[in-house]
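In the two complexes that follow, chain A is the common piece, with chain B as its partner first and chain C second.
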Partner chain A sequence: MNEAIGPSMAVVMKDLRLAWRDRAGWASAGAFATIAVLVYSFAFDLATGDIRPLLPGVLWTTFLFAGIFAGGQSFARESEEGTFDALLLSPVSPTMVYLGKAAANIIAMLVIEFLQLGLATILFDTNLVSLELLVIVFLGTVGSVSLTTLLSTMSASMRGRAMLLPVMALPLLVPLLIGAVRATGASLNLEVGAAPWTLLLAVAALWSAALSVLLFPIAVER
Partner chain B sequence: MSALTSTLQRVYGLWWIVLPPIVGSAVMAMIIGALVVAPREIIEGDVQRLLYIHFPSILAAYGAFGVVFVASLVVLWKRDLRWDAVARGAATVGVLFTGLTLATGALWGKPIWGVYWTWDARLTSTLVLFLIYAAYLLARSMADELDEQAARFAAVFAVLGALDIPLVMFSVTWWRTLHPQPIIMRGLERPAMPAEMLAVLLIAFLGIGALALWLGVLRTEAEWLAKRTATLRAKIDRHQGA
Partner chain C sequence: MTTARIEAPILQTLALTKRYGGLDVVRQVAIALPAGSRTALVGANGAGKTTLLAMLSTLVTPSEGDATIVGHSLKARPAALRRAIGVLAHAPMLYEEMTPLENLGFFARLYGVAQPEPRIEELLRAVGVWNRRHEATSVLSRGYHQRLALARALLHRPAILLADEPETGLDPEGVEMLDELALRAPGLTVLAATHRVDRVEAWATGVVRLEHGRVVEDTASIAVARQGAPA
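And now, the complex of A and B:
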């Protein structure tokens, strides 16, 4: 068991250590998320009196964009320095490399998201720290970050990747976005209909995680 | 072997003789049929005539996206870049006809529903389909024709996109749907459409289908030629360098 997940853990620890030592990349993603929540809160407050119903949409657009922004950066450096080729050449299955990268990105993203939940609790005057909401955020993050990790590996070698990544990722993440926004709305007692939105979110998250794990070795095969 | 190849080439050459007249006459017949022959719909009026483009277009687009899916699997499996050209050609056609479906739908929606656009289930899933394959074309065009890695990435994305479609459709159907339910296949004993309308629709299927096929073949050939040109240019560069 330890043999099997050892390489993934090594990649996770390497990425988290790098993220910690060079905080600029993830700090800028966190700053981006913060400024997005602030601007949304400010602009919507100008437009409408009651901003609470808009909160799920604000949170999830922010999370998706910040995740894409940060995920794209995390691979840009690897492909520039040749680390990624070295990882693929090592006697470790590409799936393990992928799982390590995705797990590190998910952990870093969750930290940013929990900070945003705290900020939004203040700005939108709504208690956002509940177990139900944490589960929803976790599911949505696993689903979206696993897919953007795969796509950012692929787009890292293409020109204009910064623009390409959201254009590729967001249409694929529409089902996840629907499930996440509606489930978040349900946990805040907003009117969202009776469908089991958390189940939809879980299915969408499982879909993108499973397909990303399956397709990563095929995508990076040389 | 060479006899077989030359026979195949001759059959392929026939595309250029057979397809253009079929496409031209079928599309002309479709236009005349839709504007003149088909009766005026009693409730919706003349705007209903857009159906003769709207419905065959989305079927042509689905067909094209099916070709993209299969061709992308072959790219991943056989590593043959000619299939990458097929996938790109089919994706271009699919995006074109999905766009046509969305545009005719919006024009129809304004007088009938009172709005050009609404976040209805079927409209949303069609728009997502359009966005996925537009992203595919954009991603593929950002790398060189001969870049095999980029072709693999694009193929993986096309497979992801195709497998995303059922999930998209399922998730958006949980919203209330406005789109008219299909009435064409309701049963032959009690058809919901007059015979003339049905006949025009069949001609429209033929016309749009032939047009889609022809455009797909042209686009694929253009991609092939671009790849050959790039290969030759690389050879010349190597020769001059030596």
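And now, the complex of A and C:
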């Protein structure tokens, strides 16, 4: 078991170490998310209206673009430095490499998102730090980052990858986003219908993660 | 150079072909290298040397044919095959923001190297990077990158070293070190693409020459490859 997980953990630790050393990618994503939440807070009139119906959209738009922005860089750098080939040359299966890279991206993204939830709680004067919402954010992040990690592999060596990644990712993420936004609304006691949105989100996240795990070895084949 | 060999091949290719858009970049390559041999892969630019090495290292999937390295098939057991090879490619394939120590430590974990610390120290001392082991790899020169890349390629004690222009960026001292650790290391089988024809005599026991993806000269293989028999 350790032999199987060990290489993935090595990739996770390596990616988190690199993310910390060269903070440009993830710091930019964090800065983008912070600015987006700040701008939204100025745009809405907190004194006169109930802004809770807007919050799910605010949060997931911010999380989605921050994730695409940062996630795209994780493979781009590996591709530029040729280190991705070194990963593929090792006896570790491509699937384990993928799991390691996706896990590192998910961890980094969750840090940004949880910080934004805290900031949004203050700025929107609404409690966004609840166990239910944290679970929803976790599920949505696993689903979206799994897919963007896969797609960033495919676009890493292409020209115009910064534009290509969102163009490929956004249509595929629509079902997951609908589930995430609705489930977030339900956690804020908004009227979102009777559908089990958190369950649907979990299914979409699982589908996205499983599909990415299966497709990754094919995506890296030359 | 020697041509008479009686050993079984440690590396054998069977009609290995790579086709891109109808163009055969590597065509029906059949070679069989004995254990401990040191083979120079020569040919003009575009002859297919790098593609052949990329196929043997499992980075590129063959369009036709197969290869076995230490008995492991390229198609059937790629992970076992990768454990048996060390690859010194054109790019050093190192993480610039990590130190030499961290780079080798990471790859040691990927390869499951037992007791990695003494092995890493041994290699870093051998390639002359030990005194700079705590510096970011990005501040090291091209030559040091290549030395470190050699250490990475040899870290897990591979049976075969596949190298693409291994002398790139190395000063005379570095080339000497490359010869000692890899190209003329006892027991290590080497297949190295090179344009340094002047140096081939110094280290190679045989030559495979490619032209337009085909083998046109082979003084390295044992007879089994020419007969096209499986290993």
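Convention: the second predicted complex is superposed on the first by the 215 of 222 C-alpha atoms of A that agree within 3 Å, B and C clash if a C-alpha of one lies under 4 Å from a C-alpha of the other, contacts with A are read in each partner's own complex, and residues count from 1 in each chain.
Note that in this section a residue touches a chain if its C-beta (ideal position, glycine included) is under 8 Å from a C-beta of that chain, and two chains touch if they have at least 3 such contacts.
Everything quoted here is computed from the prediction, not taken from an experiment.
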{"item": "Partner chain in contact with A:Ala195 - chain B first, chain C second, else both or neither", "value": "first"}
{"item": "Chain B versus chain C as contact partner of A:Ala183, first or second or both or neither", "value": "neither"}
{"item": "Touched partner set for A:Leu99, first chain B, second chain C, both or neither", "value": "neither"}
{"item": "Which of chain B and chain C A:Pro175 touches, first, second, both or neither", "value": "first"}
{"item": "Which superposed partner A:Ala10 touches (first chain B, second chain C, both, neither)", "value": "second"}
{"item": "Contacts of A:Asp22 with chain B and chain C, given as first, second, both or neither", "value": "second"}
{"item": "Residue contacts on chain A - larger count, chain B or chain C", "value": "B"}
{"item": "Touching partner for A:Gly82 - first (chain B), second (chain C), both, neither", "value": "second"}
{"item": "Touching partner for A:Val137 - first (chain B), second (chain C), both, neither", "value": "neither"}
{"item": "Chain B versus chain C as contact partner of A:Glu221, first or second or both or neither", "value": "both"}
{"item": "Shared contact residues on chain A - chain B and chain C", "value": "221-222"}
{"item": "Contacting residues of chain A [partner chain B, same complex]", "value": "147, 150-151, 154-155, 157-160, 164, 167-168, 170-172, 174-175, 178-179, 193, 195, 200, 203-204, 207, 211, 215, 218-219, 221-222"}
{"item": "Partner chain A, residues of chain B touching it in the complex", "value": "76, 124, 128, 131-132, 134-135, 138-139, 142-143, 149-150, 152-153, 156-157, 159-161, 163-164, 167-168, 170-172, 174"}
{"item": "Contact set on chain A toward chain C in their complex", "value": "3, 6-7, 10-11, 14, 17-18, 21-22, 81-83, 85-93, 221-222"}
{"item": "In the complex with chain A, residue positions of chain C that touch it", "value": "54, 57-61, 79-80, 82-83, 85, 87, 89, 91-98, 102, 106-107, 109-112, 152"}
